[in-house]
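Each of the next two complexes has chain A plus one more chain, namely chain B in the first and chain C in the second.
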Partner chain A sequence: MWLRITVGLIIIVLISPILVVIPMSFSSSSFFEFPPPGYSLKWYASFFNNQEWVIGLLRSLFVALFTSILATILGIMASLTVTRLNFWGKKLFMTLMVAPMIIPVIITGVALYHSFAPLNLTNSFIGLILAHSVLAIPVVFVTVTASLKGMDRNLEWAALGLGSTPIGAFFKVTLPLIRPGVLSGALFAFIISLDEVVVTMFLAGSKTKTLPIAMWENLRIQVDPTMAAVSTILIVLTISLFVSQELVSARKARLKRKFQ
Partner chain B sequence: MIEVKKEPRILAQQVSFSHRLARISGLQWLLLIIPLGYIMILMVFSMADFFKLSLFNEDGFTLEYFRHIFSTDIYLKVLWVTLKIALLVTFFSLIVAYPLAYMLVRTTSKLWKKIILASVLIPFWISLLVRTFAWSILLRKNGVINMILMEMGIIDQPLELIYNTTGVVIAMTHILLPYMVLSLYSVMEGIDQKLLLAAQSMGARPWKAFTQVFLPLSIPGVLSGSLLVFVMGIGYFITPALLGGSKTTMISMLIESNINTTLNWHLASALALVLFMATLILLFIALLLTGKNPVLKELE
Partner chain C sequence: MTLGNSLSVVNATKYYKKFKAVDDVNLTVNQGEFLTILGPSGSGKTSLLKLIAGFEQLSNGSIMLNHQDISNKKPYERQIGMLFQNYALFPHMTVFDNIAYPLSLRKMAKEEVKQKVESILKLIHLEEYAQRYPEQLSGGQQQRVALARAIVFNPPLLLLDEPLGALDKQLRKQMQLEIKQIQEHVGITTVSVTHDQEEALTMSDKICVMNKGRIEQVDSPEMLYKQPKNRFVAEFIGEINLIKGQVVSVIDGNAMVKVNEDMSVHIEMNKDASKEMKNKSMLIGLRPENIQIARDQTQFHNTIRVRVLETIYVGEAINIKTKMDTGEEIMAKIPAHMSEMIVKGEEILLGWNSKDACLIPDETTI
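For the complex of A and B:
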């Protein structure tokens, strides 16, 4: 009984920060009053009328899309290496592939800034995509490796035995089987890039200022209530991405059961 | 006459591209080389190149920057604050995560399980800046928490909850909590729940069964979760930079200000190397304690 009450309270504390932001974004007040004295859409208007926010969001989506593609390809390659090839130092290879997840991002950020600056890769989208991919590879690697380990390898061998080439077998048999894992890995990579601040802070310039950087500057100097509107947009975007992914995989599972 | 059957000849064009590729031996090693090269160049080499600045300057090899860090009061204080905040965050996230993970393995209700997992994982994937911003609204002087407490008559004066250690610890605990919950959960899931029943059937009260059977068995999860949260805590940047005050400068903020404000790359590199070594040593301790590579836990 006590456990349930404690856990219930903890859950409320965990969720409440997010729930408080949403009504704030519809507030008519210029201060963060709670509950809001009246409701209006003026902070959303302020978001869409400000070039910096809107262009920042578009840039972020652009970088996130390409990061997601690059990190997914590299992550799948690394996962195949780990599950299909045998070589000395596999543990070390795996550690390197997940290292960006555990090394403090500030170190990665400064180190990349240090090596990108002489190459003219700062203030460029290519630089951002390359850097974000480093941070996104680990999560793709972990997700895809898990689904490769969970699949039935006999299917792949059957394809090879029937005369398929390894490459053909991968695209026609393996990839469709691990698609849910690949999709969620790609989604995680997308979200990591969409939310990246620390590395971007060093690498982005005036022409490549992404939404998180605009938010960061806003929070650092003078928080204006438009932040609540931006936050709500990001919360809705993230949750709807996850829900649509859930729906797709649930539908897949239903279809699978039907055919068996 | 014996009819000689002619071998069907396959023209080169008819062989598909993937078959021709398959003839080249050793092609599969590209799967290893491409991602490895990517991480090596962008991560390992660029970090090594950056760390070189901490040991070498125009005059050659020097330990001047490390001596400076470990002999200046301000820097020692920053190291101390970093450790203190990381320890507090680890402690509080353990206290909060333990009941959540315990309930997660003990409850038979699917609904509870879903609610707990959702409340831990949804905030985890929502933008870090959004979560930090949300805490700044909740914790500020005329913010939601102070207002509620004043309305209930618990306090007369608003509490100082932000721009100090309290604010940083609260928000960082919220942000790093999922790591602790998942570490605890993965160990607790492996504990045979029948052991608790056995203890109780032999006369142990539920509380005693918990402290003498379940708690000791969950220690590996406590250790690995605490080390993970501590490691992530000492390198944290965004939340302390936004919610902390002048007295809560952490090592990562010092690195950033040395790059962007004072432009002292050598000192920044030395500080980063200290942080990096601390991270490596802690991960090594985790490896020794649990016998498993802490970084590869999810893959085994």
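For the complex of A and C:
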């Protein structure tokens, strides 16, 4: 009982500051006020009428999509290496793989800026996608490695024994079985890219300004509830991604049960 | 069925780092034969199976299938059917898709796939289960599906890795017969690996006993049981009494073995038994169930007087532990209805005929 109350309190403390943004985005006031004096959609109109915001959102989605794809492919490859092969320095390799999660992001940002600048990768989408992938690969690596470790290795042997090539076995047997891990890894990669600020600040320029950067710049000059509307859009986007993933896996479980 | 789908393993050796897991193994399995590799854990039997399947690479030697050297082929190029210990059915595919998998890899037309899968489902009596997922089947059903998947593409060779290890005892007996039946029906050359001697004895045409990476003996189940070549085989398969003795004479395959000053034993061996055994120290191998209670000294070729130390009731029989005058212990298995003749601490007369014992080299004296 007390445990539940404590946990409930912690959740409220953690989440309420974030949720407060939602009612404020529907406010009729021109200032951040809680509770809002009245309700309107004018800040959403302000968001969608401003090129800067909309283009920023589209850029963010674009970068996040490709980051997610790239990080997932590379993350799976790294996980396969670690779970299927034994090689000298494997422990070190695994540590290096998750290093971007531990190293302060600002250091990664500085480092990437210095290495990308001579290659003309600053102020380019390719640069952003690569940089975001550096941050996202560890997450994919961790979730996919966990899935691969939980998988019965005999299934791959069986596929090979039945006449499949290793690549065929991966796509027909391994990948379907680790799909939950791959999907959540890809989803996290997408979200990491979507709200990435620090590294992006070093690399983004006027033509590659993503939504979080636009928000950051906006905050420094003026504060109006458009910010709350943007935040709400991002929150809803993120939550709906997670919910849809849950729905997909729940539906699969239901389909399987139907036959029992 | 093409003729001559035989398997030969020639001088196969496998090192894991410095450890010799398989040590210069030579083995031939004829077309249609069911051979079981039997051995304790760590005997190299699973390594040998992996070498045949291609999951491990030979360090030395070669493997021939149907007169072709397959040693350097990848597992998926070998076209060998394999049944895994825990079946390794693909959990995300239905029974139908599981069995169709090896066929679709071979780019077979959909109609033909359907027809083949359906006919094999009939063979394993699971027609109704085609659209189920493996987790919705019982252990025995999963086993049959895995077997069907392993033979549906008509491989020249079937490998079984501890095929019944995951089943309970009752089901295991039933599946032993079922697998054997299907194997004979299809006529596929089969190599099975197990540590379960009963499974080996029931299912195999030939058994290969392995120990420490080496083959100890390859023979029919009957010969293996009756005429083990060495102490390891004798003790690994069934129970056996081993009594030390000195071969006094070998005449027409009849050996006379002296156990001690007052006792000699007659043993009937193959006609071709070598005369070189004479004067050698050997072990007399005597299965407990071949020993009977004797009325007098003339009822059997051999009799000994022993003292009963212990009796253990096991249902259909009683195991009795006895001691000879010389101190050596002898186990005998007597039908349960004769139990009243045995009293703990009393002396009894045991006997056996000369063809019921065998001679085994005594390695300790070499």
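By definition in this document, the second predicted complex is superposed on the first by the 248 of 260 C-alpha atoms of A that agree within 3 Å, B and C clash if a C-alpha of one lies under 4 Å from a C-alpha of the other, contacts with A are read in each partner's own complex, and residues count from 1 in each chain.
Just so it is clear, a contact is a pair of C-beta atoms (placed from the backbone, for glycine too) under 8 Å apart; a residue touches a chain by one contact, two chains touch by 3 or more.
Everything numeric here is computed off the predicted structure, so don't read it as measured data.
If you put the two complexes together on chain A, you find that chain B and chain C both fit without a clash. Of the two partner chains, chain C is the only one touched by A:L177; chain B is not.
In the superposed model, A:L160 makes contact with chain C only, not with chain B. Put chain B and chain C next to each other and count what each touches on chain A; the higher total goes to B. When the two complexes are overlaid on their common chain A, residue A:F66 makes contact with neither chain B nor chain C. In the overlay built on the shared chain, the residue A:F190 is in contact with neither chain B nor chain C. Touch criterion met: A:V21 reaches chain B, while chain C stays clear of it.
Working from the superposition on chain A, the chain A vertex angle toward chain B and chain C, CA centres, sits at 90° in steps of 10. Of the two partner chains placed around the shared chain by superposition, chain B is the only one that A:T81 touches, whereas chain C remains out of contact. Within the superposed three-chain model, A:G168 lies in touch with chain B and with chain C [touch as defined at top].
Once you line the two complexes up on chain A, you'll see the smallest CA to CA distance from chain B to chain C is 8 Å.
Comparing the two interfaces of chain A, the one with chain B and the one with chain C have residues 165-166, 168 in common. Of all the residues in chain A, the ones that touch chain C in their complex are 152, 154-155, 157-166, 168, 172-173, 176-177, 256, 259-260.
Chain C meets chain A in the complex at residues 53-55, 74-76, 79-82, 84-86, 88, 90-92, 101-102, 105-106, 131-133, 136, 149-150, 153, 159. Of all residues in chain A, only 3-4, 6-7, 10-11, 13-18, 20-21, 24, 31-32, 34, 74-75, 77-78, 80-82, 84-85, 87, 91, 93-108, 110-115, 130-131, 133-134, 137, 142, 145-146, 165-168, 191, 194-195, 197-198, 201-202, 212, 215-216, 219-220, 223, 227-228, 230-231, 234-235, 238-239, 242 touch chain B in the complex they form. On the side of chain B, the complex with chain A involves touching residues 16, 18-19, 21-22, 28-32, 34-36, 38-40, 42-47, 49-51, 53, 96, 99-100, 102-103, 106, 112, 115-116, 119-120, 122-123, 125-138, 140, 142-144, 147, 174, 177, 231-232, 234-238, 241-242, 252, 255-256, 259, 265, 268-269, 272, 275-276, 279, 283, 293, 295-296, 298-299.
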